[in-house]
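The two complexes that follow have chain A in common; it is paired with chain B in the first and with chain C in the second.
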Partner chain A sequence: MSQRQITLKILRYNPQEAGSEPRLQSYSLETAEAMTLFIALNEIREHQDPTLQFDFVCRAGICGSCAMMVNGRPRLACRTLVAELPDTVVLAPLPFFELIGDLSVNTGKWMRGMSERLHTWLHTMEESPDICRIEERMEPEDAEAVYEMDRCIECGCCVAACGTARMRQDFVGAVGFGKIARFRLDPRDIRTDADYYELIGDDTGVFGCMSLLACHDVCPKSLPLQNQIAFLRRKMAQVSIRRE
Partner chain B sequence: MKILMTDVLVIGGGLAGLRAAIGAKRRGHHVLVLSLVPPKRSHSAAAQGGMQASLANVIRGQGDCEDTHFEDTVRGSDWGADQIVARMFVNTAPKAVRELAAWGTPWSRVRRGAHEVIINAEKVTLTERDEAHGLIAQRDFGGTKKWRTCHVSDGTGHAMMFTMSDQLIRHDIEVLERTEALALIHDGERCYGAVVRNLVSGEIFACMAKATMIATGGAGRLYRVTTNAVICEGMGHALALETGIAPLGNMEAVQFHPTGIFPAGILVTEGCRGDGGLLRDVDGHRFMPDYEPEKKDLASRDVVSRRMEQHIRSGKGVPSRFGEHLWLDITLLGAHHIGPKLREVKEICETFLGIDPVHHWIPVRPAQHYTMGGVRTNHTGESPWLKGLFAAGEAACWDLHGFNRLGGNSVAETVVAGMIVGEFIADFCDNPANTVAQPVKLAQEFIRREKDKLEKLLNQPGKENPFRLCTEMQEIMTRCVGIFRSANGLQEGICGLQRLLQRSRSLGISGKSRGSNPELVAAYRLRRMLKLALTIAHGALQRTESRGAHFREDFTRRDDRNWLKRTLAFWPSDPETLLPRLEYEPIDIKAMELPPGWRGYGAKDYIAHPDTTERQFEIEQIKSQTEHCDRFAQQEALMPYTACLPESLRGKNERLDEPLESAQ
Partner chain C sequence: MSDSIFIIQSGLAEGRRKSRLPGLLDIMQSASGLVLALFMWGHMFFVASILLPQGETIMWIVTRFFEGYFFFGRSIHWLVSCVAAFVALVFVTHALLAVRKFPAGYRQFRAIRSHTRAMRHEDSTLWIWQVYTGFLLFFLASAHLYQMMIWPQNIGPYASSDRVWSDGLWPFYLAMLLAVELHAGIGLYRLAVKWDLLPASRVFLKRLKWALTAFFLILGLATLGAYMKIGYEHRYQVGERYTPETLPDWLLRLAPAEDFQELRRMRTIPAEEAR
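Entry: the complex of A and B
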């Protein structure tokens, strides 16, 4: 595609600064071949507005720092090619998460809270294994299945797109379910469905999900969230029936 | 003035920092971690292909052990590595992989029976042993004799980072996210923590600690084309350098990775070639065997990168509107391999290049990748110049990598060094002699100094733009201090960088916010980056030889007689200073287990040191005297190192072919 002029309308607001009001600010930019939103936003910051806030780390789609709303849809800005966008693009910070300023949100804080709440680490019998010894065996398929879910980058897109999260701030979101599914698939983890029920067996967990499944559609890592959430809900429902 | 007190302050939330934090916490110390970003976003997570550890599970890894890993690492370093440290490392690497396995990392596993692989462009059938089924698998990487690289598909760093960060949360260790260290608090002899700045609120305060650790990763962003994340600006290196007391080691040793996608510089893993991928030129010709008949496409990174640039210079590059590049061909691996094993690579190619690597060749060209230089430490990870200051991982010059790091040895170093240095930090804190009253007044003075600096920066009427100066610096580094270096180019680079350093004294900041202010951050980081850039360029100009990744077109041979030594760079405290002061630390051949020789790839021609023959002779003698002993006793006779390791990490490593006796 040849070069063209595009307009980025960016939602500006700095809650740290007294008197700052949310507003859309327009920036005009000449596109270049292979330009991503990472390149575009940095160019704006360097040449037009040094105060513009946004987050990038790896700029290669693997760290999950740069999720934002691009024309109303959550996605990774670094993996968004400007050539695929229309002439006018509206950029806004992810909803749901605490706003730091402009396009920067505090996903880190929320994700840590989620991890603490869902105990997203491997639970084993052996507290300190003998690391001089040959490792415990694992079926290659099991390792692959765990990695499939372990690919989550905690970018927050799934939560930003979630209907339930829009209504309740305490919802654990697809990212949380993905973590539970990951440890549930891991043969090394000793927790049972009854244990997981304690973590996600209510409306803030898997029974709060309305199956709108925007999470599945927007996940930049294409995690199989739809299947995993449905499966988890069935398993958790079984635990709950057994308890009745 | 706010002052937080802790036992251990870890600056940097990547793998090295977090592993050390966990180690110190388990020993009962209070730990505080500072991180520019949420830890899981650290650049450690970008490591793709894998981590070297001599587990010897796969058939092509059979017979692998610490000795082979040690030799590969030392040869890879072009004899710049500290061989004691290399020994400590290779003995701990298998433990690190196994610990992570026990903590949840889903390492790819061995499947029993026959499977087809591509080796040297030919299909080969390998048969994995029954008894290896379900153990951690290894793949091939450059510069190694055996298949040693443990991996989680090609998202190894990500999987390790998530495991580690979740363990950190489990251990209830506090992380101050989006917090940056501005200066180390010290009295010239002892480090007491750091002055830090909250990047959101702008609050400046002090974190005082018994032990302070720098684990901030590399400095790739000094270059225009780099695989490094945008946060890899060398700010940890700068913290040490700006003390004027703690030197940086070997900063001129900068690695360029052969396969950054062109032109963005995003990494595609060495695993592409390890798994059988090939480099091709404008004619589709596989050129590496012409230059490197022994290791071909899998020579060490410094060698492959140089050969690629040499090949482009000879007119064989592929022209494009962004310049010339070469091709990486993984089409011969097939969809059934690329799908599960090179998944990130496929995603990167699809997203950033719009191609499917199953069917199309990938445009690549070498890009800055790794900073071998760092805060010079002894084997415990402590700076011998500033007590209480520790460093580990890419930010440190421990010195595992010498002048060239092997692929798969960086994520390995992060975790291994985290394990080892974490223990030594705990020892340091346990020692009553190191429990001194914290000099709060000193901290306040340092806080005031940093605040004044920032106020001055915000208010000065300068005209220079920090973003633009940074781009100019990156251009100079890529042009003058890159893969091929010469006196003229380096001299030109130094003059340019010095002019930038002078201009950086009149920066003008348009936004006056004391809180979140990207321009202010760019401004204060820029000055530090320029000092690091000058340290690299000056070290490179003085080093009149070629060693590992440091290649001088006017001094093409490795010169052991004059240059088998480590560069130490100190930044003088005089504010007018435009160059670091260099000193050199000799590397003693007589203490080496593996004296200098030919690496097995690359140039065969070098200037030998007179001690080499003598040491070779001694080694032969020791070997013949210890002929009847096992490999461990023989090794111990050549270069004892076990006592250098923390006691908990001294054990031997079990392998299928090397069972441990039941009571070790």
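Entry: the complex of A and C
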């Protein structure tokens, strides 16, 4: 791939700074082979503009910190090759989440709230489990199924891509459904579908999902969100029919 | 006044247990949409009977069939009114349930519109079109259903064509055709991916959806064109009803034609004589 000049138009805005107004600022950059968007942003920060704010930790698509809107679609900067992008790229922070500044958003705050709201932790018979004891054995296929959903890195791409969430701030979002699906698969969790209905059985939950499926299409970990949300919808619908 | 109204007013209706109603409403929204979409496809085939060879006679038969003519020996128009009323009931139910998902206010509308424009994600964009076409259908389908309920006798090869051409309703039907076919096609695709009950991939479902939409749009446009043509040719005899000169022998055998004066008059030459 030959080198080329690209323009990154980055949405600049600092809500902490009085007088700051959202605007797009252009940066010109020469690409290099295998350059990711994350590397490009670091180049800009090091050589052009040290005030540019964006998040990263792992640089390998594991931490989910560098999610941002790339030409209108949420993506991980560290997993996006500049070679795949057109000559002009618009970068914006993930919508929906609290903006820290420029491309940096506080997904953690929202994720914690979601976790507390949906009780996304293991519910067992034991009041206070003995954490020194070896865990009970689980069937390999159960463990595989749980692990599949546990691959979620909570990057926020699914929520940023969700049309329903853009209209309704109290919507659970695909990441929340993924968590519920994960605990429902876990044989150690004692909760029934009626219990899960209490968490997601309304229009802010699974019945509010309009199946636009952008969550499924943008998930950087390729989680089977469509199938999981449909599965939960069917189960929760059964609860409402049976009046459990 | 029941005591529960004061509990609801206090915002404590949910109590400790979530209502099971949202689940039932979600099922009803999907089920009513499915019924309407399947009805629309069936309806399209019936009205498209005008395109067949001897289409005017075939369409006359289809119309009379639904009026109970071949069972009771005369047209019972209120049967059509009853079907239209039932469809209207399902339609209102669906509209009531679906409108909950519409953007509420300008803030939500701006959010979803900018989102779909910037994202360029097909399924999200299709949803916006579902909203636009659904909104149009509030008016178009309501007017059409009301017309069918009130004047069920005005359905037939000439009566429908006069309505389309001489009553100037072809732009109305053109708009409704586009809105219905887009809305029903997208809606059925959405149902399939929402409940994930079909053993088919999303890519296949999407292709099937576009193929069906294209098929029904072409069929619908051809059908509307046929009614416009008949209506144009019949423009100086508006009000006249179509009466077939002959009917296929199999139909006369099916119906006890001896009992029906009009049918007996239209009896074809018996098959033996024709040979």
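We adopt the following convention: the second predicted complex is superposed on the first by the 234 of 244 C-alpha atoms of A that agree within 3 Å, B and C clash if a C-alpha of one lies under 4 Å from a C-alpha of the other, contacts with A are read in each partner's own complex, and residues count from 1 in each chain.
The rule we apply is simple: contacts are C-beta pairs under 8 Å (C-beta built on N, C-alpha and C of every residue); 3 or more make two chains touch, one makes a residue touch a chain.
Remember, it's a predicted structure, so these values are computed and weren't measured experimentally.
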{"item": "Overlay on chain A: chain C relative to chain B, clash or fit", "value": "fit"}
{"item": "Touched partner set for A:I100, first chain B, second chain C, both or neither", "value": "first"}
{"item": "Partner chain(s) touched by A:M236 [first = chain B, second = chain C, both, neither]", "value": "second"}
{"item": "Superposed model, chain A: greater residue contact from chain B or chain C", "value": "B"}
{"item": "Following superposition on chain A: angle at chain A, chain B versus chain C, Cα, nearest 10°", "value": "160"}
{"item": "Which of chain B and chain C A:D170 touches, first, second, both or neither", "value": "neither"}
{"item": "Partner chain(s) touched by A:E30 [first = chain B, second = chain C, both, neither]", "value": "neither"}
{"item": "Smallest distance from any CA atom of chain C to any CA atom of chain B, in Å, after fitting", "value": "21"}
{"item": "Of chain B, residues touching chain A in the complex", "value": "37-38, 40-43, 45-46, 55, 94-99, 101-104, 106-111, 133-137, 152-153, 155, 158-159, 162-163, 166-167, 169-170, 175, 177-178, 200-201, 229-231, 263-264, 266-267, 321, 340, 344, 347-348, 351-352, 465, 467-468, 471, 509-511, 513, 515-519, 522, 651-656, 660, 664"}
{"item": "Footprint of chain B on chain A - complex, ascending", "value": "14, 16-17, 33-34, 36, 45-46, 50-53, 55-65, 79, 81, 100-101, 104, 107-109, 111-112, 115-116, 119-122, 124, 126, 129, 131-140, 142-144, 146-147, 150-151, 153-154, 183, 186, 188-189"}
{"item": "Residues of chain A defined as touching chain C within the complex", "value": "69, 72-73, 95, 161, 163, 166-168, 197-198, 201-203, 207, 209-214, 217, 226-227, 230-231, 233-234, 236-237, 239-241, 243"}
{"item": "Partner chain A, residues of chain C touching it in the complex", "value": "17-27, 100-101, 103-104, 108, 111-112, 115-121, 123-124, 127, 190, 193-197, 202"}
